[in-house]
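Please read the structure below before turning to the comments.
Order of writing sets the labels: A, B, C, D and E. Residues in every chain begin at 1.
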Amino acid sequence: MDIASLVGLIGAVGMIIGSMIVAGGLGPFIDVPSLLIVFGGTFFAVMFTAPMGTFLGSFGSMAKAFMPKLPKHGKLVETMVELSDLARKDGLMALENQDVPDKFFEKGLQMLVDGADEPKMVKQLEQEIKSMKIRHESTQGVVKGWIDIAPAMGMIGTLIGLVQMLGNMEDPKAIGPAMAVALLTTLYGAFLANVIFGPILSKLETYSADEAIYRELVVAGLRNIAKGESGRAVQDQMVASLPPKVAEKMLAA
Amino acid sequence: MDIASLVGLIGAVGMIIGSMIVAGGLGPFIDVPSLLIVFGGTFFAVMFTAPMGTFLGSFGSMAKAFMPKLPKHGKLVETMVELSDLARKDGLMALENQDVPDKFFEKGLQMLVDGADEPKMVKQLEQEIKSMKIRHESTQGVVKGWIDIAPAMGMIGTLIGLVQMLGNMEDPKAIGPAMAVALLTTLYGAFLANVIFGPILSKLETYSADEAIYRELVVAGLRNIAKGESGRAVQDQMVASLPPKVAEKMLAA
Amino acid sequence: MDIASLVGLIGAVGMIIGSMIVAGGLGPFIDVPSLLIVFGGTFFAVMFTAPMGTFLGSFGSMAKAFMPKLPKHGKLVETMVELSDLARKDGLMALENQDVPDKFFEKGLQMLVDGADEPKMVKQLEQEIKSMKIRHESTQGVVKGWIDIAPAMGMIGTLIGLVQMLGNMEDPKAIGPAMAVALLTTLYGAFLANVIFGPILSKLETYSADEAIYRELVVAGLRNIAKGESGRAVQDQMVASLPPKVAEKMLAA
Amino acid sequence: MDIASLVGLIGAVGMIIGSMIVAGGLGPFIDVPSLLIVFGGTFFAVMFTAPMGTFLGSFGSMAKAFMPKLPKHGKLVETMVELSDLARKDGLMALENQDVPDKFFEKGLQMLVDGADEPKMVKQLEQEIKSMKIRHESTQGVVKGWIDIAPAMGMIGTLIGLVQMLGNMEDPKAIGPAMAVALLTTLYGAFLANVIFGPILSKLETYSADEAIYRELVVAGLRNIAKGESGRAVQDQMVASLPPKVAEKMLAA
Amino acid sequence: MDIASLVGLIGAVGMIIGSMIVAGGLGPFIDVPSLLIVFGGTFFAVMFTAPMGTFLGSFGSMAKAFMPKLPKHGKLVETMVELSDLARKDGLMALENQDVPDKFFEKGLQMLVDGADEPKMVKQLEQEIKSMKIRHESTQGVVKGWIDIAPAMGMIGTLIGLVQMLGNMEDPKAIGPAMAVALLTTLYGAFLANVIFGPILSKLETYSADEAIYRELVVAGLRNIAKGESGRAVQDQMVASLPPKVAEKMLAA
């Protein structure tokens, strides 16, 4: 659970709802047709921007902003050191069925066990990292779609409301409330873009970059194992790539 | 047929029209001179931005957002494996007139049959991919023209309406409706940019990137055939470039 | 004559003027002081952005958006094939005073005749292409200046009009017309940026890219002549760089 | 203490407060619910954009805009020259426990003393610089979050205020003050983005670039020591990387 | 003196002032508190964005938009040709104390006289060019600060004015003039950003690029001298880098 996402979302929404309540209650801020045009209209327009599979898959990916699988660098280095010592003692075959922390690592290890040479392994794993980045960018493209289109739909909704209001100004008393309703879609659009999808995009970009760094680290470690380096040398080289605090803790251990 | 484009477009337009009907009917939202200045004015200004051929050709290209020719990676790898086995057994000449899934593949294959060496074939095919990308970017430039100019034309239309209205304020009752009409062009511009051409651009960019990846895969496969590698080796290397789900299905088969 | 520029400009301006006429005549849309601040003010502010030579030269360059010198790829390949056959038969000296379609080609050819070696010729021609791109970018920078500054001048004009109007509200009847005039500068600014200079910039960028591709093609051809390749080989390699339709037509011939 | 940050912040805030006082006192410009939605809402939404550690750490990093640790190039070159002479005379072991101006330098020096070869030392130090840049970019990403989200929260607050006001227009006298309050959140958002976090981001980017240049200089110096160059040669090469004024002063000494 | 900067600035300011006079005199457009918040507030906020030295130095650099030191390519090539002939005849020592058009050239020449080898000289001069670019970018960053912050300060000033006005609407007659004053800060901000600092930034970027090209030309020439090439060869190679018109004039001479 990403605590910053949870607290941040609840806090920001809470501030906004609180300020609505202070302004006199939530009632005037809820209007079903306005909700429909902004949420529904944006939903469909974003669907239009991407292939159906990418669009549908993006919702699951967005959940990762709240429930990320955080890479554990410490655990990785530890495992890598053990495996490199094992490989030097008993050969690469001994790496078969060893317990490793993730699927990507497992795949690379299996290639070593199967006798792939280092350049081939590296090329194939790098290709997977590249393909992972392309997938992540597709998802982020969908989130960017929400950020771009939601305020536009809000503006379209407000224009529709204004046109309708300006065409019916017989009753001066109705002008205020009609304009209030017209402004709601702009409010919804700004809310979706800035409070929901904007932060989600930033968080996903951060996690995507983190995962790429982690995988590069796996590749670096496996290269060293393939070259037959000692556990100590593997650790030295991997630690230099770690965030400083993680590195210090590890070296202290 | 791209189902996301179809459902997305219909859904988004439906939401907007629905919201107009809820606001009191479509009548007040249709104004022929406003339609003319936004659609017509943008049409001509976008024509100004590009050579005539590129401009006219862009409409056909935009249709691909709805009717894309999706590259079939599975079929490609399958064919490539068969052809590489065939070439190893009977030589490159045996590849003549083999059935392949697309023209680009056919062209590369013909070069091999005609005795072109690998670097020459690769150079020429890469040149074609590059030239395809340039063509796609020209089309996307026209779509970007619509996205940039439509809201500007909407604003110009609204300013024209406001100037006309402000100069004739004798009848206070006419002000509201006149301003309503003035706002319509802004509404049309926002609609064109965000609901029609914005999503089309995103979709075309996605398909263009997909096609480039597919063609790179064809080149990679043909290189392996030229090098005389076995079908198995060809498959291993190509699968690493595939989307993970497609790759798994293929390896399972 | 670039037909898209001509039709596009006339069409877009026609739509806007038509819409003004429908709104009640051109009269209210013409105001000399407003024209002066937007056209004149932008003219001088853009002059401030660039050296005088670049600024003055930009007007001639902008005319190219209407009267481009279109590169003729077909003619180029044809000439190149003839010259390469001639050079193989009679030596590089025979290329002297041959008729070639443009000055850049002529210059490169002269270098070959004068005995320059291939790398020196390529280096010098590439340097010219680079320097051409820098010149084009300077011009495009001036056009971008118009696009950036014209709406700002429009806004400044509108603010001046509003300040003047708000300070003199004794006569309520004068408010509307005064505000109409104030809005005119915003209208002029949007018109200049989006209907005139925006499309001109796009078109110039397209033609600049086309010319660079053409010149690269000249360099590629001259390299092959310097290497003593046959006309057939020269054609094969150059055709791969051509737009597909031009290539097909040429190969069919 | 960064005097420009201090004077700049106090001066800019002073100008704004002064202008409020001239406009009739600070009273009308302070509204607690408005403060809460802009400051609080932005606080939480920015928290949502980043991992909790990065978010919390960003406040300490922002303080560096006021209290930077400025790299001292002169001192660095001096120390480097002494150390290189020492190393040539007494060997790399003599560098142990020498006094150096910062931790990064110390770490590199220790690697030399421990017998690391030059490429290994360079690779590891470059990796640290890269990792420092990634950390700085994370912090800057949080500051950018404030800059992006604060005006949006201001706009959301203003829309909430307008909707509330438009729904309650019975008392015409209340409209003005209600709208004044509604505009306050936009004012707060513009203030946060442009007067506080915008300048902080610029300053942090400057200092981050400076620190990277300084560290590159440390690496360059250590390489020369590892190569056994003389103090004079080390100075010549390092001085070329210094800002011209610092360089002149040093050469004059 | 840069004539385009002078005429452009005077012309643009003249158009704006003229339009104010036509609108009824300069009086309503001058308001001291408004001037203070926009000019003063932006001054301090921009100071906040940069180190004090960079901020203070930026004013002198901005003067270069009016009084540039224009590089003289013709003179440079001439000198370079003379020096290369001299060096071939009498050796590199003969270059000592020769008259050269600028300090950068002098420095490189002195290195040759002092016996530096070509790669060392090139590395050090390139380092100086790089460091010059970094300095210019710092200055341009300050100018960008004015462009970004001035309109924001204008908006803040207008919001302050509106809040004050909306809170005091007892006297309807005061509303217009109060709003006029509120709009003045937006006017000042737009003026500073678009008429003063925007063009200055463009001009400085142009001159900075020109100076870098000039210095690259000096390095190219000195390399040739170090290699002992003839004056003729030096001229040929340098002329290819010159703007076409300068090149033609030189070759004609």
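One rule holds for everything that comes next: a residue touches a chain if its C-beta (ideal position, glycine included) is under 8 Å from a C-beta of that chain, and two chains touch if they have at least 3 such contacts.
Computed from a prediction, not measured in an experiment: that's the story for all the values here.
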item: Both-way neighbours, i.e. chains that touch subunit E and touch subunit B; value: C
item: Chains touching both subunit A and subunit E, listed by label; value: D
item: Distance from subunit B to subunit A - Cα centre to Cα centre, in angstrom; value: 26
item: Between subunit D and subunit B, distance of the C-alpha-averaged centres to the nearest whole Å; value: 42
item: Residues within subunit E bordering two or more other chains; value: none
item: Cyclic chain order - from subunit A, heading first toward subunit D; value: A, D, E, C, B
item: Contacting residues of subunit D [partner subunit E, same complex]; value: 2-5, 7-12, 14-16, 18-20, 22-24, 28-29, 173, 176-177, 179-180, 183-184, 186-187, 190-191, 193-195, 198-200, 202-203, 206, 237, 240-244
item: Residue numbers on subunit A that touch subunit B, as the complex places them; value: 33, 36-37, 40-41, 43-52, 54-55, 123-124, 127-128, 131, 135, 138, 141, 145, 148-149, 152-153, 155-157, 159-169
